Amino acid sequence: MPQRKDFRRPSGVSRRSVLAGGAALTSSLFAPGYLRAQDYPTSEVNTTGLAVTDETATVGILHSVTGTMAISETGSVQAEKLAIAQINALGGVLGRQLDYIQEDGASDWPTFAEKARKLLVNDRVPSVMGCWTSASRKAVLPVFEQYNGFLYYPTFYEGLEQSPNVIYMGQEATQQIIAGLDWVARTKGAETYYLLGSDYIWPRTSNKIARKHIENFLGQKVVGEEYYPLGHTQFNSVINKIRLRKPDVIYAIVVGGSNVAFYKQLKAAGIDMTSEDPVLLTISVTEDEIRGIGGENIEGAYACMKYFQSLENENNLAFVDAFKAMWGDDMVIGDVTQAAYLGPWLWKAAVEKAGSFDVDKVRAASPGIELTTAPEGYVRVHENHHLWSKTRVGRARTDGQYDVVFETADLVEPDPFPAGYQ
Amino acid sequence: MFAYSLSELGAILAMQGFAGLILFSVFVLMALGLAIIFGQMGVINMAHGEFMILGAYVTYLMSNLFGGFLPALFGAYFFISTVFAFFASGALGIFVEWALIRHLYRRPLDTLLATWAVSLILQQVYRSVFGAREVGVTIPDWMMGSLPVTDLIEVPINGLCVMALALAVSLGVWLLLFRSTWGRQVRAIKQNRVMAAAVGINTEWTDRLTFGIGCGVAGMAGSAFTMIGSTGPTAGQLYIVDTFLVVVFGGAASLLGTVASALSISQAQSIMEFFLSGSMAKVLTLLLVVTILMLRPQGLFAVRLRK
Amino acid sequence: MLARMTGALRFSPAEIAGFAILAAVVFLVLPLALDTFRLNLAGKYLTYAFVAVGLVLCWGAGGILSLGQGVFFGLGGYCMAMFLKLEASTPAATRIQSTPGIPDFMDWNQLTALPWWWEPFHSLAFSLVAVVAVPVALAWIIGLAMFRRRVGGVYFAIITQSLAAILTILVIGQQGFTGGVNGITDLRTLLGWDIRTDAAKEILYFVNGALLFACLLLARFILKSKLGRVLVAMRDQEDRVRFSGYDVAQFKMFIFCAGAAFAGVGGAMFTLQVGFMSPTLVGIVPSIEMVIFCAVGGRLSILGAVYGTLLVNWAKTTFSESFPELWLLGLGALFIGVVMAFPNGLAGLYADHVEPRIRALLAWLGVRGAMPAPVAGGAAREMAPARSVAGGRQSGRSLQARGGASPEPGP
């Protein structure tokens, strides 16, 4: 039996804290007050036989809670459940409370496809919050297109994709990379770069874009590019190479368990990130990863992404409080967790704009949807189903948090098929 | 390659040699425990990685304990926890031997399947107890720096620690196996179990102790790896293929063979890593080892046995 | 010679019953009881059964434990996926790419032309041949190198496991040619026939079932023929067989190649039914899981292997839906239980406990001749060594037991 919970009465969670967080978040979105279900009869808002009744609407959550990816995906599940609880506390979507059916992708891509099909065919959910790795998204994509499902995907990723059935809430590669490289070239006077990554599509595509930007747009030099298998734990050779080539910037996209080994060995080899010689810039280490790496091993490194837990704005303070109230004080929130939190809210906004749960109408309503209440600040859905968002650079502290040192002045336009970077 | 000056080439050689030595120590630590279990007992312990991770988790607990209650001794906790890791993994090993392995000595391939099941169970237990995320083990500050030798060459201290530990463990295992009563008994049993039993060796207890010591050594390795790698429920899986290859390549029954094979594989890998991309270096190393094994299946050092 | 062949082809009534029951399960019960979604799942599980049946041949009968069957499964699957991907990558469908007409992942990796070794996969006939030929060729090379030098047992297991590791790293590392960690995804049509529709999935399920039965019959034929007897003899007393003048390596290579061929077919059917192929199906963990399927079903029984595959996968799906936390514990416990208590798996359980009861019941009902008395206690045990299952030191009692002329009942 799938796990099925009803959040009308959040138990075990301080209702007040969730409400307080929710209220701050939604003050502008829900100015008109609660919507009532009887104003939106089910026969009109659900013409395609979705899992929407007079009282409830059931969405799907599809992440790995077992296997190697469970480490990363747990935060996304928690954020999505928090958003659903808050939406319910505020009256739900079109007056309907949200239920969810959670399925486990078990870090296995065929299982993801299988569970996606189950959610869409058997459970008829109007939307799914889910997936984390590119591989799992690629596996479920044909399923979503075939059965016309609607997926909210939280992870920053390599781009090169734009499906009518997916809203991409993480940054695609150019959004995340270019602003960071410009920043490091401008403020740190960097001229030479060493690109490094785990061996799969996201680091490779990201480094490709980074290399094009460095060589063609900044007119600077890449002195090395290197990939190691996922799960690799011995980085002494590449550290030696880095030491020889003396780059100004190490641009690292190492993921998973390799991350821990890489930063520990880097520090042990005497490459001190606090002295910025060289500068270490990464796009793959969120606050989540630092817990495994250990703050003291990565102190002084820069990370470039759209969200840091330490952002100081009202939305984020309320979000962090609510998250900790629901899941415990020792939780940390990374970029992807925050993006996952946007999913239910974006869907709610699109459904209410469309006045319907039907996927085609929600899709049509999605471009242009705004969230003024997002923890990262204002975001807007682009025609290409990605989000306009700001890009920020943070510097790692010993306690595992980032100090935000730079933020783009404007929202960065998502460009999944960047011209000049292919 | 030709972009480097002569002094730089010298430095490359020195540093890569050192990186190779660290890798060598890592391989030796990983493989010694398995060499004892697989080489001396013929048991294929697929849960070897999980025994290592148990050692790593023990180190994690000790680091919290010392950090919380005995901050004065924090600088030295690492050595204490290595000893604890040995006993924790060893005790678990003895339990597993008692509960499972002893029933399967006549079916070596079945030990593979049973220990695979043990590894699944251990992974889930770690996940339930310590959480699915990796835990950060705090390493004393003095172990994290490096010693500058020249402008280009720096020697990481944790690498030195791993090397020292590898040396100590190999020495200990050698002493145990070749200079102790237990070692003599183990070798006697390996040569002729029935005869060994006939002259009064308690084969059952010796087997159990052997398995325990093998697992204990794995635990120490895991404890050492908190310095350089990650500690998570599934981290043990990363080591298993390399470990088995080192042991098999060395010739399963020979301790010296294990060390020699660790040396050759690590040097080959670290040299190739310097001139090729990391992934290709790994593939080529594995291919090379497998090819040599196909040509010389008994491994580098074979012990001739009368069957 | 001919007489011997037909002897191996003759089915005992109990064997017919065994095959008929499995046929009923696969072709009637499952399709009627399950909706298309669940049926597709069952079809996916049955593709693993190809591998498990191959393992019964290699491991159960031949005593060769391969921990790299995922490699052959993967190769078969990739051959099929390459054909389907080329068909899906028409210039019209890929016009937004910088080089239209090549698979999308190649375009992302700056390839501007199709690699030469992809070219033949435009042809369905070539691809279908490759599905079997590529795994067999690799198995033959491995076998040639290893069996000629008398590598066996544990060493063979570990070397095949390393091969699984190598292939995984290679496939992931060469993503421009292989699709990398994402695999080859978004497969649409087979010669214009949309494989993603419900109707197609049902048809593919039946094709898969039919192919599985073809493999089962072939496996049964191999086991019942003289070759099968040599295999069992070889497993139990390799030296004696060698001294009797048999070329042991030749037999081992044959059976290993047969297992690889089955796995390749399974992989191709997997690709067709699931709609993609990825390196996660190639690696060490799936390879060992396939051994688990085989062991749970009974390493000595081809029919048991199919049931074992279905049971473990069904348990995995239901368990992981309701108690994702406990799934690994359950799997581990199940596996220890099988290894410790029921080394012959489901088939052994059936032969030891169910079959005697059925026989007693039939005798009580007065039915005679329906189930002839067993020679060595059921088909599963017929291949089993006298005392322990995979040990190598037994006398050849199983061979003597097998010498009887009466037909053996099967599960």
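Which chain is which? They are A, B and C, in the order written, and residues in each are numbered from 1.
In this section, a contact is a pair of C-beta atoms (placed from the backbone, for glycine too) under 8 Å apart; a residue touches a chain by one contact, two chains touch by 3 or more.
Computed from a predicted model, the values in this text were never measured in an experiment.
Student: When A-B is set beside A-C, which has more C-beta pairs in contact?
Tutor: Between A-B and A-C, the larger count of C-beta pairs in contact belongs to A-B.
Student: From the centre of subunit C, which chain's CA centre is farthest?
Tutor: The chain farthest from subunit C, judged by C-alpha centres, is A.
Student: Using CA atom averages as chain centres, what separation in Å is found between subunit B and subunit C?
Tutor: 34
Student: Suppose each chain is reduced to the average of its Cα coordinates; what separation in Å results between subunit A and subunit B?
Tutor: 37
Student: Taking each chain's centre as the mean position of its Cα atoms, how many Å separate subunit A from subunit C?
Tutor: 39
Student: Would you pick out the residues of subunit C that each touch at least 2 other chains?
Tutor: If we look for residues of subunit C contacting two or more partner chains, we find 169, 172-173, 325, 327-328.
Student: For subunit A, give me the residues that contact two or more of the other chains.
Tutor: Correct list: 65-66, 199, 227, 229.
Student: Multi-chain contacts in subunit B: which residues touch at least two other chains?
Tutor: Residues 127, 237, 277, 279, 282 of subunit B touch two or more partner chains.
Student: Could you please specify the touching residues of subunit A with respect to subunit C in the complex?
Tutor: Residue list for subunit A touching subunit C: 1-3, 65-66, 103-104, 106, 108-111, 113-114, 117-118, 121-122, 133-135, 138-139, 141-142, 146, 158, 160, 199-201, 204-205, 208, 227, 229-230, 417, 422.
Student: Quick check: in the complex, which residue numbers of subunit A touch subunit B?
Tutor: Checking each residue of subunit A against subunit B gives 65-68, 70-71, 74, 199, 226-229, 231-234, 236-241, 243-244, 257-261, 264-265, 267-270, 288, 291-297.
Student: For subunit B, which residues count as touching subunit C in their complex?
Tutor: Contact set of subunit B toward subunit C: 38, 42, 44, 46, 100, 103-104, 106-110, 112-114, 116-118, 120-121, 123-125, 127-128, 237, 240-241, 244-245, 248, 252, 277, 279-280, 282-283, 286-287, 289-290, 293-295, 297.
Student: Hey, which residues of subunit C end up touching subunit A in the complex?
Tutor: Going through subunit C, the ones touching subunit A are 35-37, 40-41, 44, 96, 98, 104-105, 108-110, 169, 172-173, 175, 180-183, 185-188, 196, 274-276, 278, 280-281, 317, 320-322, 324-325, 327-328.
Student: Tell me, which parts of subunit B touch subunit A in their complex?
Tutor: Residues of subunit B touching subunit A: 4, 8, 11-12, 15-16, 18-19, 22-23, 26, 127, 132-139, 141, 144-146, 148, 152, 154, 156-159, 225, 227-232, 234-235, 237-238, 269-270, 273-274, 277-279, 282.
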